[in-house]
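Here the chain labels run A, B, C and D in written order, and each chain numbers its own residues starting at 1.
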Amino acid sequence: MADGARGAEPVGVKLVFLGRLADLAGAGEAEIAGPLDWPGLLAALPGPLAEAAATERVKLAFNGRVLPDKRALAAREGDEIALLPPVSGG
Amino acid sequence: MADGARGAEPVGVKLVFLGRLADLAGAGEAEIAGPLDWPGLLAALPGPLAEAAATERVKLAFNGRVLPDKRALAAREGDEIALLPPVSGG
Amino acid sequence: MIDVRLLARGFSPGRALARFAAAHPEAGGIASFTGQVRADEGVEALELTHYAPLTLPGMEALAGEAMARWPLSGILLHHRIGLLAPGAPIVLVAAAARHRRDAFEAADFAMDHLKSEAWFWKRERRADGWHWIEPRAEDHQDRARWAR
Amino acid sequence: MIDVRLLARGFSPGRALARFAAAHPEAGGIASFTGQVRADEGVEALELTHYAPLTLPGMEALAGEAMARWPLSGILLHHRIGLLAPGAPIVLVAAAARHRRDAFEAADFAMDHLKSEAWFWKRERRADGWHWIEPRAEDHQDRARWAR
């Protein structure tokens, strides 16, 4: 999770892709410029990833907490957004 | 379980008392003369043991098999009768 | 694999489970239950009696019943006899299966039957002497869940 | 005792269970479930990913929920992350309780929730490459049994 040095040097919004979304993204992480709201995130993601992110099955964590409503996303530089596809543990 | 040398020398009917019945009997085993049917067994047992044996909760095994009906008991010398109070394993 | 044992000496459920799991690499999961002598109630010792002509054959029949009733890779039933100290393991039941629900149900089933149907008699020594333990009504109810 | 761990290396469920049992001499019983990589289906390896800010806190919350819901002496949730070989243990859940029904139910509950609610992502390597695993409908139904 990002915290602390926010603003000391220019950092973007950190995106973390979990599970199969990391495959779609071609990487586990990415950084994009903030501020970022939900439409902004969808616009910033490559097509297949945006499509996946838009489905109900994919959740969003914002700075380590799952957002009850993805559309309420409001990220600034230094924040971390994780895209969480359906889980499979055990 | 008794088998084999039956008749080679005089042996009685072996009684085995399990669980609390061994306490009532004062021993884990006893031997009494055969042949022995259900009324004969009750008559041969000391009072408290006969009372316990007569209850539905106490089962009878005859040569290693539980009798579906105790009253069907028909033991000869060399046979083994076990008196089985309610179990408590695990 | 059916692994049914009467044990006259202390045993390690952890080690038995490790062996059982290793013997079932094709199973997705292993459910188990370990029963041990409770150490908090003034119980100084526990003694388990069995009746050889019935006890082990009865446990083997129970294992077979569980194998027939659920799609299991294997089942393990280990039960102590003799004198046990507080904290000592009494019983270990384990079921290996492809699907965890089957493993859980089979282990649960086996324990319910070992508790109220297997040929064991248990007594415990307290400060005032030995006391025979009888199954609780609850144990019979637990077993009745499996009737069909 | 609540013992919740994410494990980056291989572990021995048998040894973990032995320690857990020894830590709960007051419990009459310990129910457990071990999940392992099935070795029979052409799976060459399994990889488990987690998300640190959510995964361990989520498991800790699950352990707390089980402790609140059943009268337990303790609960153990150990879960592997990283690369696993066929036969390797993935998850160990154990619940210690005075009464065995509580132990069984809590272990069952914890597994159902770890399967479909904990923050893990699993993929397996077969001859034709990596495949992500999603929970089966069955897993969601299993979890739904505990709704209240």
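Assume a contact is a pair of C-beta atoms (placed from the backbone, for glycine too) under 8 Å apart; a residue touches a chain by one contact, two chains touch by 3 or more.
Since we're looking at a predicted model, the values are computed, not measured.
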Shared touching partners of chain B and chain D are C
Compare the CA centroid of chain C with every other chain's and tell me the farthest one.
A
Hey, how far is the Cα centre of chain A from the one of chain C, in Å?
50
The distance between the C-alpha centres of chain C and chain D, rounded to whole Å, is 23
Quick check: how many Å separate the C-alpha centres of chain A and chain B?
76
Separation of mean Cα positions, chain D and chain A [Å, integer]:
27
Where chain C touches two or more other chains at once, by residue number
35, 100, 111, 115
Two or more other chains in contact with one residue: find those residues in chain B.
90
The chain pairs that touch are A-D, B-C, C-D
Mind pulling up the chain D residues that touch chain C in the complex?
12-18, 21-22, 25-36, 38-40, 86-87, 89, 98, 100-101, 103-104, 107-108, 111, 115, 138, 142
Across the complex, what residues on chain D touch chain A?
35, 48-49, 51, 53-54, 79, 90-91, 111, 114-123, 132-135
Partner chain D, residues of chain A touching it in the complex:
1, 16, 18-20, 22-23, 61, 63-66, 80, 82, 84-90
